[in-house]
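Across the two complexes that follow, chain A remains constant while its partner is chain B and subsequently chain C.
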Partner chain A sequence: MGIEVKNLSYTYLRGTPFERNALNDVSLDINDGEFTGIIGHTGCGKTTLIQHFNALLKPNSGSVLIDGQDIADTDLKKLRHKVGLVFQYPEHQLFEETVLKDVAFGIRKKDHDPELVREKVIDAVKKVGLDEAILTKSVFDLSGGQKRRVAIAGVLIMEPSILVLDEPAAGLDPSGRDSLYHILTDLHEKSRITIVFVSHSMEDIALLCDRVIVMNKGGIYMSGSVEEIFRRSLELNEIGLDVPGITTFMKMLKKEHPQVDDDVYRLKDAKREIIKLFRGERC
Partner chain B sequence: MLGNITLGQYVTGDSILHRSDPRTKIIATILMMAVIFTLSNIMSYIVFSFLLTVMISYSRIPLKYTIKGLKPILFLIIFTVIINIFTIKGEVVLDIGFASVTREGIYTAIRLAMRLILLVITASMLTLTTTPVNLTDGMEKLMMPLSRLGFPSHEIALMMTIALRFIPTLVEETDKIMKAQKSRGADFESGNIVERAKSFLPVLVPLFVNSFKRADDLAIAMEARGYKGGEGRTKLRELHFTRIDLFLSTAVILTAAAVFVLDKTFF
Partner chain C sequence: MDIIKTGELSFTYKNEEENSLSRAVDEVTLTINKGEFVSVLGRNGSGKSTLAKLFNALLLPDEGFVYVYSYDTSDKTCLWEIRKTVGMVFQNPDNQIIGTTVEEDVAFGPENMGMESALIRQRVDDSLRVVGLSEHSKKEPHMLSGGQKQRTAIAGILAIMPDVIVLDEATSMLDPAGRKEIMRIVKKLNKEEGITIINITHIMDETVDSDRIVILDKGRIKCVGTPREVFKNVEEIRKMGLDVPQITDLFYELRKEGICVREDVLTPEEGISCIREMLKWV
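Presenting the complex of A and B:
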């Protein structure tokens, strides 16, 4: 189940001189419980694609199925609870006076019990690693990283089973980024949420994802496991992408020491390989 | 939704209209609009529409596209037509109990509708063929004589440039924020008018916050690049009248005069 995209095409401003083709005949499957990364050059259609997942955009042709149901005939509210979409720079959407009110925005309803709402908000805020004390603060008094997390909590409160994030780490400092990734891995492992993760950072994709989808010029260029994708470094270079920095380093190392395995995409694997090399030399 | 508003957005091109001086186009537009206001006969409006169509074909902008630009004022047109048909007194042609339609009412309605349509299309021909920068440059130049009297023509032109420059940005941003709030379960379509107005609060607050930030950044960026107001400022592209302008202004003046005379004497 999960997300099924069949022959999806989309054109912006169709029928005007500003017409711009964004997606061409895209087909892909994302299974339940997967952590999928989407990479591609700026303007390759990543954002357009993910906006179809919760029906913010409707296909010009083709179809998008969420859990087997076509988005064209699903109740939008239910769909948007099921598929949580976190935009790039999500802190730009915060507007309420307090964190409590802002996070609760997605589930606010007249008949909701305020105590229950509060409980849910606390739960969501804790999931993103923030303290309960933050609830009474104004959203405009928070730091950049806190704002980002509050915004993500505002999506998590709807208890989505699929979480889509568009470059969630853009503009965060390294520690903010690390704690955000920690939150995502936690959500993925503990709450079994399907995660779709759009990023420009090959390192982050290699670190987090089970599967990678590479997009180019409005189409799927290739898809597969982290190893399958990053082994094809020449093809990636052709479309302006690259392998993780550590892989480049291992390739350089292999030139000097041919016994090194350069099929390495994560820091911890590189460490293991390098230790192996040292031990080998000592013997 | 917001992407559909195409009223007067510049379309790149290389036609006579695109290449002529913005000052010529501004004055020509004002002249044409003035003529539209003076026309009293439906026949003159038809003649004028024909001439305007010829002009649009010169600009090589699809006719369909310019007509599409009327969408935002469609409601206004329909509203004026209905009000006029039913309220103007005269020879009754159709009586439906509580209201009656008069011959004069129908004429006035058609005239007003055509006037509105022609005004909007004429004005949009200016913005469709002129980049915002050229447009404000032209306005600044046209307002120059006034600055001797202490009128801040450069500042006003700069404000217009900035405003025009940021319209697409704001449209894009509004669209993005609306999408983000929709993803959080916001509903902009249902409910009565008060509820719907309220539902835009989650869009307006972030939009204002971001605009203030952007204004701040812009001011700093302009100062960093040495902006000190209009005095002694030179232009990268000076405006020049060319033969195209001579052709265009002659054509516009002649047709405007012809339609005006036609309207006053023959019809």
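Presenting the complex of A and C:
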């Protein structure tokens, strides 16, 4: 089940002199429980694609199915509870007076019992690693990293089974980035949420994802496991993308030491290979 | 020769409604030398952007001083000289670009300075050439890619011929190609035009070539040094919510395994030669 995209095309401002083709006959499947990364140049259609996942945009042609249901004839409210979309810089959308009110916004009409709402809010903020004490604070008094997490809590409270995040770490400092990634890994492993993760960082994609989709000029350029994608470095270079820095390093190392395995995309694997190199030569 | 000098500099944001204060910059004493490339690191909320705004009098010190050359930023009569000397590029180019075409945007600064139109033309053309946007001069800014927009913002700064450019997370919204193109241009401006660069960033790889790194934590200077000096203290850096370049991290991890590699490896090339040296001896 999960997400099925079939021959999806989309053109902005269709029928005007400014029309711009953003997606061209895109087909892909994202299975339940997968952690999928999407990479590609600015303007390659990533954001247009993910906006179809909860019907913010509707296909000009082709179809998008969420759990087997076509988004064109699904109840939008239900769909948007099922597919949570976290935009770039989601903290710009915070607007309520308190964290409690902001996080509760998505369910305030569905659940009337304030106690129940409060409980759900507490649950959501805990999921993003924040303390209950934050609920009474104004969203504008929080740090950048906290705001980002509150915004994500506001999506999680709707209990989505699919969470789509557009560059969630942009602008966060390294510790904020790391704690956000812990939260995502936790959500994926413990709550079995399907995650779609758009990023410009090849290192982060290699660290987090099971599968990678590469987009170029409104189409799917390739898709596969982290290893399958990053092994094709020349093709990635052709569209202005790159492999993780650690992979480039291992390729350089292999030139001097052919016995090194350069099929390496994460730091811990590079470490293992280099240790082997040292220990091997010593024996 | 120093170009920016701060002494015991403090700045506090006041929230009038709640009567609360938060000290964003706390007794910072720092000198930036002419022609230097300085990277400023620090977690979100550590005071980096506030400090940057104090450098060109967008904010004024509560305590202490900021001098740009011999101009005191607190002295209102020096404002124009200061703004001409220190240019700023912000995170989101959309907030900085105002012209309806690229060249009009770049001309905004010189026009405001009351420059002659022939000279403005010259400055605009020169600036666009430096950032590689000459053939896009008639385009509307919103038709450009993120990297091109950010280059337009830089050209707009160049047109007023500043001696210092402060970049406040100017690459954080760009894709890897856009990021590379901005860093290439900034390094060129530093090396070839002698422009002093202050780059505020969260991306550690952007900092390895800089002359100095300044780390801010809770508004205070936590450490200043060359990238080599700063990044070898991996644990210290992590405690401050920051990170080291991935290659430095790899060599740190190898040391933990008892392999005595150098602790100050910054680039892949250095890493390769370090491993080569070590394998010679085993």
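Observations on the model:
The rule is simple: the second predicted complex is superposed on the first by the 281 of 283 C-alpha atoms of A that agree within 3 Å, B and C clash if a C-alpha of one lies under 4 Å from a C-alpha of the other, contacts with A are read in each partner's own complex, and residues count from 1 in each chain.
Basically, a contact is a pair of C-beta atoms (placed from the backbone, for glycine too) under 8 Å apart; a residue touches a chain by one contact, two chains touch by 3 or more.
Treat the numbers as computed from the prediction; the structure is a model and nothing was measured.
In the superposed model, more residues of chain A are touched by C than by the other of chain B and chain C. In the superposed model, A:Phe95 makes contact with chain B only, not with chain C. When both complexes are overlaid on chain A, the residue A:Tyr265 reaches neither chain B nor chain C. Of the two partner chains, neither chain B nor chain C is touched by A:Phe35. Contacts of A:Tyr221 after superposition on the shared chain: neither chain B nor chain C is touched. Contact with neither chain B nor chain C is seen for A:Tyr10 once the two complexes are overlaid on the shared chain. Once the two complexes are overlaid on the shared chain, A:Val155 sits against chain B while remaining clear of chain C. By the touch criterion defined above, A:Phe230 lies against neither chain B nor chain C after alignment on the C-alpha atoms of chain A. Overlap of the chain B and chain C interfaces on chain A comprises no residues. Remark: chain C residues 42-45, 91, 145-147, 169, 172-179, 202, 204-205, 238, 241-243, 246-247, 249-250, 253-254, 257, 259, 268-269, 271-272, 275-276, 278-279, 282 touch chain A in the complex. Those residues of chain A that touch chain C in the complex are listed here as 41-43, 143-145, 170-177, 200, 202-203, 240-242, 244-246, 248-249, 252-253, 256-257, 267-268, 270-271, 274-275, 277-278, 281-282. Touching chain A in their complex are the following residues of chain B: 3-4, 6, 9, 11, 61-62, 65, 68, 176-177, 179-187, 201-202, 205-206, 209-210.
Residues 12-13, 16-18, 51, 54, 56, 77, 80-81, 84-87, 90, 92-95, 105-107, 140, 154-155, 158 of chain A touch chain B in their complex.
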